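There are two complexes below, and they share subunit A, which is joined by subunit B in the first and by subunit C in the second.
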Partner chain A sequence: MKRNYYLLKNSRIRRKDNTICLEYENGEKKNLPIEDVEAFYLFGEMDLNTKLLNFLSQEKIPLHVFNYYGYYSGSYYPREYLNSGFVLVNQVEAYKNPEKRLEIARELITGASHNILCNLKYYQNRRAGLEGHIEEIEKYKNKLPEVSCIMELMAWEGHIRDRYYESFNDFLDLPEPYKKRVKRPPDNMLNALISFGNSLMYATVLGEIYHTQLNPTISYLHEPGNRRFSLSLDISEVFKPLIVDHVIFKLINTRMLSEKDFDQDANCCYLSENGRKIFIREYDERLSTTIKHRHLKRNVSYRRLIRMECYKIEKTIVGDAEYKAFQAWW
Partner chain B sequence: MSSNLPDITATEFNYFHICQRKLWLFSHDIEMERESDAVLMGKLIHENSYQREKKEILIDGLVKIDFMDGEGVHEVKKSDSMEDAHVWQVLYYVYILRKKGVEVNKGVINYPKQKRTVEIEYTPEKEAEIERKLVEVEKVRQSQDPPATLVSKICRKCAYEEFCFA
Partner chain C sequence: MHVILFYDVEVERVQKIHKLMKRYLTWVQNSVFEGEMTEGKMEEMKSELRKKMNPGLDSVIIYKLGDLRYTEREIVGVEKNTTDNLL
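Let's turn to the complex of A and B:
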């Protein structure tokens, strides 16, 4: 099974014959067999050259770069290798058809809100006081079938998300109460965690899209290609509650992360190197956690579920099956 | 001469016998990333498809996947689980070769694992059957929507399983 490699320490990364060689500042070296690598996530300050990039292209391995604060800055997305003109034309057509576009976008948000509710219901059993939030979110979710355009859909999604984050105060042991979502730059611990987790999620989904015929710039919920591989944002919506938020809840409530794992400069709050290490360990573990798939009747990891979500989108755009977003059933 | 050749690859002809959905997906360039043996082999055949640079590629293909001798066209198979598909695949090679003016009359399938060979005589009836099948293959390729999922135990070994059952 291939795995993601998250490189946090400053180092030099290069090709050495048919392996990847990491050289750390203290002179230590490490060799990774290329067959084991799914993707690279670079967090440290890394030295690399085109020989490495060519090698990654040849081996079909994406490389994602994160900035000093740990937020996504870009990807080396190797040359596509699973091209299908047929799929591309259909992907564009589905976008240009307002009904089809709305149908897919609506299903993405429906799945996402179902998964959000699933998280809250889990905590409701342990902590009182979440009923109000759940009821409210359910009310918003019930509006989704009636919306007639993307704008309206986005508006309800915004309400759901606001209410959801607000509810964190009622079941997370936060050192300071959560007020509102601040993205650029995050202003407190919780916002820093959400931003960091969402960056990881975005890169992970992009890596899965890469191994399908889908074009990552054509999306349905988000506006296509606007400086971003926006299809990745679309599919992330469904999995953020199940992967990113799950990790955040665990790290906070078990006190695996505390204030000392964050750095604060001027008005930006971000995870320290140690904090990132802890977050990534949990994140990667969550990605490889398996659940029994209902149709395949065997265990599949969350990462594989993301791939299969890409397949579902592909299926719906080529007219094979209606899109049904992944919904947690536990 | 070559204008008589169908543009249907051996892989497509083969998939037609396994699963029509698989044929449809493959012919729309929807291929799976997983490099299973089956997919790899399919790619080899696909890349060496008969339309281009015939002789050389043919020889390549024969050396890699199968070979030809005085007896006829040979095809080597690992498992005997899809025998009918194998038979038609090797007959299709014969068909193509004959179209190109090579006098072959027999297909041989080698199952080295089972230490077994199956010989198939090429007859005018079989040729007619291939031509009937080619029309069917074309129909599947042209169909607007993908054919339904098989839901059979062969799906378990198919590279498209996660796609079909997602």
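Let's turn to the complex of A and C:
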């Protein structure tokens, strides 16, 4: 399977001999095999030109850009190649139909909260004091089938997340207790990790949507706004606990990251360059980790699961099958 | 599937083969490439390779390694290039 390439060092990236050539500031060069590239994630200060963008379009490779702080700033989304008017019309119609929309949105949250509980139950055997959180989240989750509008759904989701983040104090070895989720800018280590991880997740999901017929701007849980690919936000909801949170727990509890891997300012906190490197390596490994899929009866990577989620949504909106969000069964 | 590829071709075609190969695999040493590819990509690469080489004179050897779990890779001396995807 093709791989994601994460470029952290400042360099010039260009097309050469029908493949990709990286030229570092010190004059060193490195060729990347184009046939092995799934997507580019640019973190460093990069130079590039339209020749490269044309080439990436031709090879159907998206390019995601992150700013100085590691915050997602945008994607080069190559020309759509799986155009389908049929799917688009159905996608819009499913959004316009309040029942259908609620059905999909509810399933997304149900899947997400199931996966959250799955994480907590794993730690329940190791650390005491999680029962309360689990009970509470389960109570919230049981309310989901009864909700009648998206707003209500979002409210329960908020409660679940609050409680979930609160429980981190009980099973992570944190240098300072976690108080609440703060974004833009994140204020402490854990918030910085969550923000960075979610940025990556968002780009990864977008990359998978690109290879389906879905339109990434029409979403169900989040309101489809302007200037963002909100379907990507919807789908990443289901996978954040399985991929991002898992990486965070591992990095903190095995002490792979410590305070020196963060750049701390008066009221903001970001991963340092080295910290980012450690995070990305774990994240990429997690994406390519395979599990034996129950129905397919073969090994499937987490990245593939995201793609399958897109296919499931596509089937739902064209009316082929009912949507069942991915729920971890281990 | 993981692949190691060696080539030994007449001087005038070395550049040609090298340029073709670097689209599919990562260069690790002179006339040695390495990387991950699917069966389909492998066939595509071989057919392009046949077009560029002279089958009477040139030789390309491809090792296909299935699961890397039982494989070890050791470098003695300098590592000329990494196959890492974090750069």
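By our rule, the second predicted complex is superposed on the first by the 327 of 330 C-alpha atoms of A that agree within 3 Å, B and C clash if a C-alpha of one lies under 4 Å from a C-alpha of the other, contacts with A are read in each partner's own complex, and residues count from 1 in each chain.
Please note the rule applied: a contact is a pair of C-beta atoms (placed from the backbone, for glycine too) under 8 Å apart; a residue touches a chain by one contact, two chains touch by 3 or more.
Here the structure is a predicted model, which means the values were calculated and not measured.
Superimposing the complexes on subunit A yields a three-chain arrangement in which subunit B and subunit C fit side by side. In the superposition on chain A, contact of A:93 is made with neither subunit B nor subunit C. The angle formed at subunit A by the C-alpha centres of subunit B and subunit C is 60 degrees to the nearest 10. Judged by the touch definition given at the top, the superposed model places A:28 against neither subunit B nor subunit C. Within the superposed three-chain model, A:304 lies in touch with subunit B and out of touch with subunit C [touch as defined at top]. After overlaying the two complexes on the shared chain, residue contacts for A:85 are found with subunit B alone; subunit C is out of touch. In the superposition on chain A, contact of A:314 is made with subunit B only, not with subunit C. When the shared chain is aligned, subunit B comes close enough to touch A:296, but subunit C does not. Of the two partner chains placed by superposition, only subunit B is touched by A:211; subunit C is not. For the pair subunit B and subunit C, the least inter-chain C-alpha distance in the overlaid model is 7 Å. Common to the subunit B and subunit C interfaces on subunit A is no residue. Of all residues in subunit A, only 82-87, 211-213, 293, 295-296, 300, 304, 307-309, 311-312, 314-315, 318-320 touch subunit B in the complex they form. Listed in rising order, the residues of subunit B touching subunit A in the complex are 28-31, 33, 144-146, 161-163, 165-166. Taken together, the subunit A residues at the contact with subunit C in this complex read 1, 3-9, 17-19, 22, 30-36, 277, 280-281, 284. The part of subunit C that touches subunit A in the complex is made up of residues 19, 22-27, 35-38, 41, 45, 81, 85-87.
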